[in-house]
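We call the chains A, B, C and D, going by the order they appear; numbering starts again at 1 in every chain.
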């Protein structure tokens, strides 16, 4: 994932210069947006970022558009204060909640990708007392804890529940803590993190799937045989590699539809 | 959104004359119909209207066909008594329930668009005692109140539950009241209003989404942490602008499929 | 819907002769099969028939294939004993449960179309004690009664639950009775009838929708405000005409995909 | 389903030699993978195998990729110890859980196809006490018993719930027993077997459908009128043949999309 730079610019290269970001990584991010939109995790809102492998103090994210319509030309580079770095000369509309990403990258060096979504079956678990817990082996990462961010405690009553300031981003990152992969956001959705973009996409998807299956298990009734913490940790570790399989499929499919 | 008129008509213009309505607004209305059909809010029934920006005493609506098949040629202009204004010389079948639209426009000057649907997960909330309340920040507008119109109280037992007369339209508009964005219609669906067409489409969609999530929260059990009224009002205000993002995607996608 | 016959057969007509059935009616039946498959009412099983308007003692139905793959060449003509009339010279596999159709046509002169399906959300209502009742105005026809056929009472324990004989077809038609539009079949699905094919398709679809909404209303809890019998009858009457609107859309869409 | 072999190899045949497996059977397996992915039984994980009709001590399975992307070139031949037989000269990544297949073929001579999936509505029945039982006639095979494999009893706490060794494969096959068509795997999914590939695909699909309908019946409440054992056995027998109808549709559709 080396960045390509050029001093002399030919016509075909001019377009590349417009995005001196790593082309594969940009395509990864485009594919991630389109994949999670197709899988129903992202609706017309939500956003995904990836830390710049060239410089850990920066991250890539789309300008403010619906995830399913993101293309390479929409990808921007921001610093960890979530201010735009590239392209400087354009007036792109930024996601208002981009502080989610920047502040989590500051707080969590192990995190290289962040997905913020209104994951439809996760939202109900943010407004009820039942704890979202791992029952499907693909969702073992939920065993790292699923803290709930109640914005009312941080910003008071009367907000629109959104993370519109660096301070709220910091509060959210603090609630996520040093280990968890997912932080629930009351009445809003969740933010999911991972050591890589494919893994964060995988986790965002299986957070939704586990929520659906936990809802079904609650409907069936009686005690639920959740994964033990030991099982969850082992599964999470196994899935760090196994997430490559769906990612190969998802990426290919997303880019083929461009 | 200027209307185009011409006195002398060339061949290509004749078609335009057939629709002396604002072309962008007509396309908006076509896109709105197709979008809410694709998103599962509208089935083969339901209808959407937009107030004519040239003359607030008129509104645009499709002739009586299934929303997903609406094209520009199907758009008509009606007055607020829901009588046809344009085209005068054709015998178009009108929606029998068009009085929903006309009477709401009369009663609510702040309303510029109306969506009437059989929103599938909203219907169950029209026949049970649980109140539909905002739990998702995108649905803050539900905090403006969600009155229930029980047609049996107005038209007696034995109707087909439909709003087939101006008087029933007036009764419905009265139940909607001066502030609410949504009025539930027992055993039938809902009518959703907004200050703009994109916002009314947005609200119709998130009314359905909030209903699904409230149903899931009920399944999970225990008290539900709904939005406070202050949060709902702030969120509603924020979404008046934010609804432009999904609309840009939805409109583009709908028109590309024509 | 006049049948076309010809004595002298030119090349293009030879194909038509192969189906001396009314072409529009055959297309209706093809469209009905594909529509209910697309809408999820029919899976790879199930079948639809229409009474022959030329001769009320005969009906049209596909040979035994999955509904979503039915074409005009698959349509056969059977008599009311469910024996093949046309084409005589071919060895087509017939649906084993075709007696559902023939025996209902014998018993119910008002019925001109029959849909048998494993409608997915209807099946649970065939194995529980809750009564499927109309709550959505489009499903007013459920107010005509929804009898349950328990095959165990007629064929004893140990059958595969299927209607494989004329006698079981007669028993089912008797359970349907003189008025109902739908008969539930325990652990199996339902059979839905109507005065016309568009209306039977409409009723099969809204039986499934009403079942989904009743399931949601049960989840919400408390008493359900079902339609009164008077409302149901009025709505049923109104929908005899109104079912033309979705049918126009469905037919066009199904035939366009051929 | 005769295997094609050739001693002298022309250019077009070289590719065929690369797969000296029966071409129809390979296409069946490709179609099975794509069909169950399209039907939502398989997600990006899961795998399907078929016993080699030329040699019952071998089976065909894809290399380790997502089922919906399997092509003929991905099909491998393994022995019953789940070691690769063909192609020998290539370094294909094998499914880590392939022992599910090999050990079941060893234990069950009547089984000629195995589907392992994370069937989404089956998983909740693996972590609750309610028994999955047949209520839909297509799912009569569930009357042969639905044992639950609790891996914690066999491999201790702290595994990732996966069948990564021949011994765990043997334990799973033992839990499946001599008669059952389905074994549930706690927090993971299920493995479904059949006398033929079309029948195993059919059973995997209707296991998911029956789970959805049982979940709905639980929501409706009260006692559920499940199939009797006699009905289940009769239905299972009938479906051994009847599964040919959906298979004809599914296979054609899957291969048309290649």
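Here is the rule we go by: a contact is a pair of C-beta atoms (placed from the backbone, for glycine too) under 8 Å apart; a residue touches a chain by one contact, two chains touch by 3 or more.
Only a predicted model underlies this, so the values are computations on that prediction, with no experimental measurement involved.
Shared contact partners of chain B and chain D, listed by label, are A, C. Using CA-based centroids throughout, the chain positioned farthest away from chain A is C. Interface chain C/chain D: under half of the residue numbers present appear on both copies, so the contact uses mostly different residues. A rotation of 90 degrees, rounded to a multiple of 5, brings the CA atoms of chain A into register with those of chain D.
Spacing of chain A relative to chain B, judged by their CA centroids, is 33 angstrom. Remark: chain A and chain C have CA centroids separated by 47 Å (rounded to whole angstrom). For chain D, the set of residues touching two or more other chains reads 219. Taken together, the chains touch in the following pairs: A-B, A-D, B-C, C-D.
Across the complex, chain C meets chain D through its residues 43-45, 64-66, 68-69, 118, 120-121, 123-130, 152, 157-162, 186-188, 215, 218-219.
Chain C meets chain B in the complex at residues 135-138, 140, 209, 212-214, 216-217, 219-228, 230-231, 233-235, 237-239, 242, 245-246, 248-250, 252.
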